[in-house]
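Next up is a structure, given as C-alpha cells.
We just call them A, B, C and D in the order they show up, numbering each chain from 1.
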Amino acid sequence: MSVAKKNQKPHFDKQGDRTDEERVEAAMQTFIQDFGATAALYMESCVSCGMCAEACQFYVTTDDPKYTPIYKIKPFKQAYKRHIGPFAPIYRVLNLTPKVDIKELEDWQELLYDSCTMCGRCSTICPMGIDIADLIKQARHGMYKAGLMPERMDLMGRTTKLWGSPATPIEDFAEILEEDIQDVYGEPLVIDKEKADILVTLAPAELGDHTKAVADIAKILNHIGADWTFRSDGFEASNIGYINGDIELQEKLTMQLVDTAIKIGAKTLILPECGHAYSALRWEASRWYGKPLPFRVIHMTEFLAEVLNEGKIKVKKIDATASFHDPCQLVRRGGVVEPPRDIVKALGYDLIEMEDSGNFGWCCGGGGGVISNTRANPLRFKVFEMKKEQFEETGAEHFLTSCGQCRITLTGGAKKFNWDKKIESLLELVADNMIEDDASSEDSKETTKENTKEEA
Amino acid sequence: MELLQFARGTALNFALLVFFVGLAWRFFAIALLPFKKNPTQPRDGVGTKEKAVAWFQGIFMRMWPHKSFRKASFFTFVNGYVFHIGLFVVFFLFGPHVSFIKDLTGFSWAYLPSPIIHFASVITTLSLIAVLVYRLRNPVQRLLSTAEDYFAWFVTFLPMITGLMTVGHFGARYETLLAIHILSICLLLVWFPFGKLMHAFLFVFSRGATAVRMKHRGAQL
Amino acid sequence: MTQYFKNPFEEKPKRLGELFRKRKISRRAFLKYAAWTASVMALPPTMAATIAKNLPNARRQSVIWLSFQECTGCSESFTRTMKPSLESLIFDYVSMDFWHMLHNSSGEAAEHALEQAMEENKGKYIVIVEGSIPLGADGAYGMEAGRSNIDILETTVKNASLVIAVGSCSAFGGIPYADPNPTGAVPVSELVKDKPIINLPGCPPIAEVMTGTLSYILAFNKLPELDHLNRPKSFYGESIHDRCYRRPFYDQGLFAKSVDDEGARKGWCLYDVGCKGPTTYNSCATMKWNGGVSFPIQSGHGCLGCSEPDFWDAGSFYKPLGAGKDFGLNSIGVKVIGATAAGAAVGAVAALNARKVKETNYTSALEKKKEEG
Amino acid sequence: MMVKALQTELITLLEKYIQTGEEGIVDLRSLPMSPQDLIRLEDELGKGEVSASVDVTGLTKIWETQYAGVWWIRSFADADVVTYEQIVVCAVPELLKAHPDDISASISELRNNLNNSDEKN
C-alpha cells in the first residue's frame, strides 16, 4: 500500500459532529431495524463461495478481493449475526462475531459507496440467489445514519433536502425550463398544468448536461398530441435518497411525485432516462404509498417503445451498426429488456450485442451514486476501460444507451481516454429521427388521443 | 465396542435431536421475522401463479451459471458439482447408508454397487481437499472465510475420510473405525443447523425469494 | 510371553508319553495332535514338531472347572470334543479333577474332591470358570452349600496358576450382565486381579478354541499371545467378516434384505439383516462349528456377536451395524417431533426477541449490559 | 491364483529339502482357500505311487502326489469331518515312521509277551 503521508486525507468522509460511539450506535441501530425476513434469509444462506467477485466490475478490473460484493456488507452481516439472527444471543455472549467498531465502518465506506453501483450483477451469479445489491442499499442506510458517507453524495442529499432537487431549487424550475430549454430549442413545454393525463419527470442530468432531452420529450409528446405536463412540485425523479441510503429522503422524494401525480389526475407518470429513478419509483413507491399506485409508472424507454410499437410516431431508418449498453436498474433490476432493443431496431440500427448483454450486461461503473462521488473516479475509469473494450469488440459504429447517468459516466470516461465515441441517447435519437410530415401526424394525433383515453 | 455402542446409541440419538431442534430453531427464527411490505403493481401479466412458477424456475436456473460466468467460475462450479453429487451419491446410494436411513425413517430405495461408491468416495474426498486448497489459496475466498467456513468443511470432510477408512479397514479395528465414522456423522448433524451447511435447505428459499422479486419486476430470474 | 508357572509336573502324574504307551497309543497320536494344534492355533507349521516333542514329556495337568451363573452351554460345547477322535485327547492330557457339571461324585464327596485337587496341585492347577458371578444381595443369587459363588471363586483361584474364563458370561458378563443386570453379575476379571486370565468368550465358545488353548499351554508351558481383551489372538485375531465366505458380496454391495429373500437364497451378505460379523472377532468363519460343519452365517443367519462384550445390549440383532442402536421411527419419532417443536419454540422466541430488538433502542443498552456483566 | 501360488511354494520347499534336508509343511487349513480351490489343488497334484492310512485317534490318509517327495496328509475326526490337512515335503512323512520310543517299547513288550507265553507253556 501507499506510504502514509502526514497530511494525507483520510480515506473516508464524515458528516456532522458526533462521537464515534454515537456513529456506531446509529449505524447499528439502523442496520438492525432494517432486517426483514428476506434479508435475514440472505444472510443465512451465504456459503462464502466468493463467486460474486467474478461478477463485479470493481473486482474484475482490480483483482482486489476486498471488492467481493458480499464482503462489502460485512458490518451489516455482523450486526445481523450479533443482534437479529437465530443465534444472536449466543454470538453476542460468546463474542463469536465481533462488535462493529468505528474503524470498520470508516473502512467500509469505500466498499459500500465507492465500489458498488448496486447494479445487481452479483446476484445473477450467486448460487444461493442472494440479492446483494439490495443488501448494499440497506447497509447504506446505516452508513447514512452514522454520518459516514462520501461527502459529495451527502452534499447532493443535503442540496436535495434544501431545494427539493439536487439540480435546482424547485421554485426556479419553471423559469429554467422556459429560459434555458424552451427558448433554446424552440419546442413548447407544458409546465405546471393543473390537470394532465401524463406527468413527465426529469433527472438532474436533463437540467444540466442533457437539456436537449427535455425538449425532445416535449417534441414527441406534442407530436402525438398527448395531454401532458411538467410540474414544479413533482419533477425530481432521480431519487438521491435511494442511492445514498437516506430512506427518509427517498420516501419524501417518492411521495412528492406520487402526490403530484394524484393531484393532477395523471394516468401515467413518465420517468426520465434514468435507471435509479425507475428502481425507486416503479418498484419501491408502494412501500410508502401502502398500496399499488393509482397511475402507471413507465420509463422513458418503455414510453418510446410503446409509441413506436403502436405506430403513433414513425422514425427514419438509420443505416448503421450499433451496440446498446444495458442500464442495470432498467434492464437487470427493472425488467425492461426488450423495449430498448425494439427502439434500436425501429431506428433501423443493426444491433450488435456486446459479449455480456441484457441481464448480464456490465455496469457503466457510475451507478449507485459512484458518478457523483468524484473520489471514486480512478475505480470508475478502470471499469470504463473494460466497457470500452467490450464495445470495441462488437465493431459497432454507434454506442447507445437509455440512461442519463450511464451516458454521463461513459461520456466522462471517453473524454478521459480521448475516445472519440459519442454515447447516444435513445430518446434523443428517436426525437431527432421522428418523421413529422403533417398527414401522418394528424392521423396519429387522432389515434393517440383515443388511445390515451382507452388507456385511462 | 463400547465406543461403537455409544456412537450408535447415545451419540446418534443426541445428534439427531440437536439436528431437529436446530433446524426448527433456525427456520422459525428467520420465518417469523417481519416481511417488508411492498405492494407495488407487478409487471403486466405477472400474478401469484407466475411468481410461484418463478420460485421453482429460480431454484433450477441457478444450478448452472450463465455463460458469462462460466469461465471465471469454472473451477468453483465444476468442483462444487463434483463434491455435491459425490456427497449425495455416497450418502444416499451406498447400501449400508440406505439401511441406516431405512432404519431411521422407514424409507428405502435401491442402491449402487459398493465399488462404484468407493470410487465416488475417493473422488469426493479429493474434491473436498481441492475445495480446501482453493479456499486457502484463492484471495477472495480466503478473505471471506471465517472459522465457520473451515469448520463446516471439516465436519463435511470428516465423515468422508472416516467412511473410507471404515470401508478399507484402515488404521484401526472395524468397530473403532465405524464408531468414529458414526461420531463424525453426529458432529455433522449437530453442526448442520447452526452453520452454513444449512444452505442445503435454505437455497430453496433464498433462490426462490430472489426469483419472485425479479419476476415481480418482469426481469430475468 | 512370560512363564507363568514353574514346571507343575514334578512327581505323581505320569508323563503323557508313558501314559499313552501304556494304552497302546503310539507317538503318532502326538504327531497328529501337534499338527492339529498348530493348525488351529495358526502357529507356523514347523512348530508342530516342537509340540510333538514337548507333549510326551508333559504331565497331566490338573484342571478345576467351576460353574456359576451360566447355562452349561459352554460345558456342552466343550464336551463335544469327547468323540473318539483327535481333539478328545485333551481328556488324556488334562485331569479334570473337579467339574461341577460332570463330576462323578456329588455332595460332600465332590466338595472333598475339589479340596483334594487344590491341595495336591497347590499353585499348579488351572481353574476354568463358566458363568458370571452375581455380586448382588451379597452373592445370594448364586449359593452352593451355603457358600456364595464369590467365595468359591476366591478360594479356588487363590492357589491356581491360571484362570481361564470360558464363555461370554465369565469373560465379559454375558447375558446375566446385560442391562438391567438384576443379580449384579460381573465377569471373572472383575474379581480376579492377581492371576493370569485367559478369556475364551463365545456363547458358547467353539470347542476347538478351548481345547486348542489348553494344548498350547501344555505344550509350551506359557500363555498364548493375547489381545487387549485377554483373548488368544490365534482364535480371536480376525473378525468373522474378514474371513466370511460371503465377504465378496459385501464388497460388491450385494445385501440380503431379509433372511429368506432372493438375496439370501443367493447367499448374499447379511449385513443388512443385522449381521455383527464385522465387529465380532472369533474363529467361527474358519473353524466353524460341530467339527467344521457350519456356522451361523453359513446357515443363513447373521452373526449375533456373542463373543463380544455387551453383545446383548448392542441393540437389535436384526439391525444393521451402521444403523442407530435404538432408534427407528417408532422409538425416536416422538422425540424428533418433540425436538422439532422445541426448536420451533426457541426459534419463535429468537424471532420475537429480534423483533423487540428492532423496535427498541437496543444496541447501546444491550452492549452496555454485556460490558457491565 | 491360490493354486498357482501354492505350486510355486512347493517348488521352493522341494529345492530347500534337497539342499538342506529340512522338511517343508503347508497347512492348508490356515490358508484362505475355498473348498473349490482345495479340490482343484488336489486334482492338480494328483496321486502318486504310495498311499497309506494311519489309524490312531481317528483316521489319517496319506498319499504321495504325482510329485515324489510331495505328500498330502488328510486327517479325519468322524467319517467326513477333516481335522487338519497338510502338504508335507520330505522323503517319508514323520507320521509314517515309528518313533524310537515306540520301537524301544516294542522290544520290552515283545520280550514281556515272549516271557508270558513261555510261562504259560
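We take it that contacts are C-beta pairs under 8 Å (C-beta built on N, C-alpha and C of every residue); 3 or more make two chains touch, one makes a residue touch a chain.
Quantities reported herein were computed from a predicted structural model and do not represent experimental measurements.
Colleague: Based on CA centres, what chain would you say lies at the far end from chain C?
Modeller: Chain centre farthest from chain C's centre: A.
Colleague: Which one of the chains is closest to the middle, using the mean of its C-alpha atoms?
Modeller: Answer for the innermost chain: B.
Colleague: At what distance in angstrom does the C-alpha mean of chain C lie from that of chain B?
Modeller: 43
Colleague: Return the distance between the CA-based centres of chain B and chain D, expressed in whole Å.
Modeller: 64
Colleague: Calculate how many whole Å lie between the centre of chain A and the centre of chain B, each centre taken as the average of the chain's C-alpha atoms.
Modeller: Result: the chain centres lie 37 Å from each other.
Colleague: CA centre of chain A versus CA centre of chain C: separation in Å?
Modeller: That gives a centre separation of 79 Å.
Colleague: Check each residue of chain A and list the ones that touch at least two other chains.
Modeller: In chain A, 35, 84-87 touch at least two other chains.
Colleague: For chain C, jot down the residues that touch at least 2 other chains.
Modeller: 347, 350-351, 354, 358
Colleague: Applying that definition of touch, give me each pair of chains that meets it.
Modeller: Between chains, contact exists in these pairs: A-B, A-C, B-C, C-D.
Colleague: Once bound in the complex, which stretches of chain A touch chain C?
Modeller: 25, 28-29, 32-33, 35, 83-89, 92-93, 99
Colleague: List the residues on chain B that touch chain A in their complex, please.
Modeller: 25-26, 29-41, 43, 58, 62, 65-66, 68-69, 72-73, 76-77, 80, 138-146, 149, 194, 196, 198-199, 202-203, 205-211, 213-214, 216-220
Colleague: Quick check: in the complex, which residue numbers of chain C touch chain B?
Modeller: Interface residues on the chain C side: 239, 241-242, 250-255, 271-272, 278-279, 308-310, 313-315, 319-329, 332, 335-336, 339-344, 346-348, 350-352, 354-355, 358.
Colleague: Report the residues of chain B in contact with chain C in the complex, numbered from low to high.
Modeller: 1-2, 4-5, 8-9, 12-13, 16-34, 94-97, 99-100, 102-106, 111-117, 169, 173-175, 178, 182
Colleague: Touching chain B in the complex: which residues of chain A?
Modeller: 35-38, 40-42, 44-51, 53-55, 59-60, 63, 65-66, 68, 70-71, 84-87, 123-131, 282-287, 290-293, 331-337, 355-356, 358-360
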